[in-house]
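Should a chain be cited, it is by its letter among A, B, C and D, assigned in written order, with residues numbered from 1 in that chain.
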């Protein structure tokens, strides 16, 4: 198990363009969207980090930008990081898919696409998971559904 | 040693003479056929309904439940209430189904089980028709119902039904062999296919006791294979409700569904009755060699009680199977038949032939 | 030879494992005392729900038709489903001051999820869980209940 | 593998025999639709269709306070309602840095294990029924009733008991609580071997379960299959061991692992977990410390701005809660990583080439709860 400092150093050596904001609990890594896949690939394949388990993946809409959040764990060393990527284009957000590395990402990404409208490049099956095709993206903060959602 | 107090031949004979005194011989036969038909219809309905009730009650007690207890005393009228409900239910026509076959299928199934009942000896002298190929006839007729099941599955225009019907076809065709071979074992022992002769041959002891271990093995094989042949758990793949919702009768409703349902239970009755007749002496009381006193006492129990007692004993065992075991998979089902039951029963038959040849049986 | 031995041992192991299962069901078949089913509508007279059973929200009234609800609206605010609505009135009390009292404490049973937040957060312990559980009605509007009894008043704490 | 690829590359035939298993099917345990392509009885591929019970819990959370969120989490995986509650409570407590009384931790852990037992019992019933052994359903429910009675006595509800609240419990447990648990354990220790005799040892059952639905450890990790399903493949994923919470660091217990990765391995893991849960309960039930049933909390909880993450082990796997707070009384974004979501989507991978009957066994062995997938 590597501590935060060691992980920081290793990740910096993989990808110098990352930022490490002060996380409250876990080590957070912000990586540019176009570097996400290569960094994740290195994080997974490197024997020192070996982040082979994608716990969860989601997105957050900050109204000015979208953030895609990945929680990665290594089943071998049990260290955990939060990988984030900021998408400034809120109208047509797109980012590389991690399906090739983590099969479970396929469905998490479909869920994120369904609820946020973020497209994932190289995704094998970019279809909505839960909702109908013509429904909006409900977890976006500016989403309004007058009929089904009663606001208090 | 046979007692005449409970001989139904006297009753039937007296009816015959009474009728003969009233009309010509042609009319007598016609009237008798109508009478027998009515009696069988009545019995079919009663036994079927009672079996449904019995199954629900037996499984309930096995599962720490009470079972039906609302309609009538101990819920005895529950199945009649269900029957009335089923009679009143709408018969839903299925779009793009084959209407002729769809409507024909339940009748085929129910007629087959009805036909088989004719040859069963219910008590001493109470048998509608005593073929000299009785065992063969019952086997042949009861296995005809697979045609009805296949038609039901095919004509329903439902994928689940089709899978269920195909499963049922494979299952019945293969288990027919084992049922036949295990019955053949007793045919070899008694030297006759006539059910009355088979019963008479058990006057001094049932074949399951007289026939040494081979007879017992063929009894077990008969139980297993006939459970499979009538599509009951753990071999209820044709209707496997957790896999195929209801299998071949998924699309049936109302009285047509009731036909399938009733036929399934009557098939169970027929199989159990056949098993009781062939292996457990049918209506023949329990006799032990030359214990005259004991045999006398046994003779006082009416033969009809013996028959139904044995039959329901076998039915209980079949129910016990169903409510204990998980369902087999289709390939395991066929493995069981072709790799275990069939070789064993073939070997068993040879063994029995040898025993009979050497005269080792009692 | 080995495979033949395995063939027969498989058969015997199989049969004995099946027999083990049949023993269990057989045991229960011959011990009807193990039946656990409750005869529900028949045992209504003796059926006693647990004291903490969350059947519905009630507002306990004492013998003088007094309740403890001040109409503060905390339960309404805390309810996640909006199943509580409070209609308040302002009436003059003995000293001539205007005071808030509840007119109707409306409870929509149809929307309630029995999370217990209203009962827990009520500052004056005016709400409680009732043990009634037979809520089936033919008309949905009957599931909307007024918790304060007609003519009831707020209980004044002895000062 | 994706459905599109399979359709284009592998199948490529016109005469696919496609059946829709669900949304109303006896063995999907809820409104799940599996589009199954068959060749004879053999499954070529299947496509899970979810969303029939999507209620937008994550969206609802954004409008609710943290106390109100608790009762929503009950309704995700209704069979491990308590664990779901606890996950949200713990994320709030950790964010606020509240010191939760020891008594609360012990009671929560006991409830966790009771809930896990109840859930596994129900799974055992339903799994037996999926395979056609209908009697198992009633034996399991009979014993589960005892646990539900304990729940009812203490919290007033049997299934969805929103008993946790950030900082502690809604109220203290019933005075009978400990005695009834001890009674139950004594009773269930006698009944659990019956389960084995009825189903585990049964040759038909073993033939149905052994070697079916093989899932390798890599597949389990890759698809994020956690809980007993993942541990049946040798994926050590027990959050109770990895990151102990509650009173799990004070008890001795083993993480049950099996390496075979088939249906029977997952079955064995769950059966062993029932024994292990009883062990944990026995260690805890007599040692509940005295104290408050809740920590002092403000009536309106406002999480400091930031991001919080908490995972717990539910009866079906790892539940992770990810909260983004902007300092308001309701979360800015709340994400539940529910175990069944990941567990479901491995089905296509592990069921290709098996029979329909095996498909039922596989979905039964994954122990899916559909509302947990859709949220």
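Rule of thumb we're sticking to: contacts are C-beta pairs under 8 Å (C-beta built on N, C-alpha and C of every residue); 3 or more make two chains touch, one makes a residue touch a chain.
Keep in mind that what you see is a predicted model, and the values were worked out from it rather than measured.
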Steps needed, at minimum, to go from subunit A to subunit D via contacts: 1
Greatest separation from subunit B - chain, by CA centre: A
Length of the line joining the C-alpha centres of subunit C and subunit D, rounded to whole Å: 24
Whole-Å gap separating subunit A and subunit C, where each centre is the average of the chain's CA atoms: 42
Gap in Å, rounded to a whole number, between the CA centres of subunit D and subunit B: 45
Rounded Å distance, subunit A centre to subunit B centre (Cα mean): 64
Residue numbers of subunit A (touch at least two other chains): 152
Touching two or more other chains - residues of subunit D: 135, 142, 198-199, 202, 204
Numbers and ranges of subunit C residues touching at least 2 other chains: 18, 21, 24-25, 36
Pairwise touch network: line, ring, star, complete, or other: other
Pairs of chains, among all present, that meet the touch criterion: A-D, B-C, B-D, C-D
Residue ranges of subunit B in contact with subunit C within the complex: 58, 61-66, 69, 320-321, 323-325, 340
Complex contacts: residues of subunit D adjacent to subunit B: 17, 19, 25-27, 38, 41, 128-135, 137-139, 142, 198-199, 202, 204-205, 207-208, 355-358, 360
Subunit C-facing residues of subunit D, complex: 64-65, 67-68, 70-72, 135, 142, 145, 152-157, 160, 162, 165, 170-171, 174, 194, 197-199, 201-204, 206, 299
In the complex, subunit C residues that touch subunit B: 11, 18, 21-22, 24-26, 28-29, 32, 34-37, 39
Residues on subunit C engaged by subunit D in the complex (per definition of touch): 13-14, 17-18, 20-21, 23-25, 36, 50, 52-54, 78, 80, 113-117, 120-121, 129
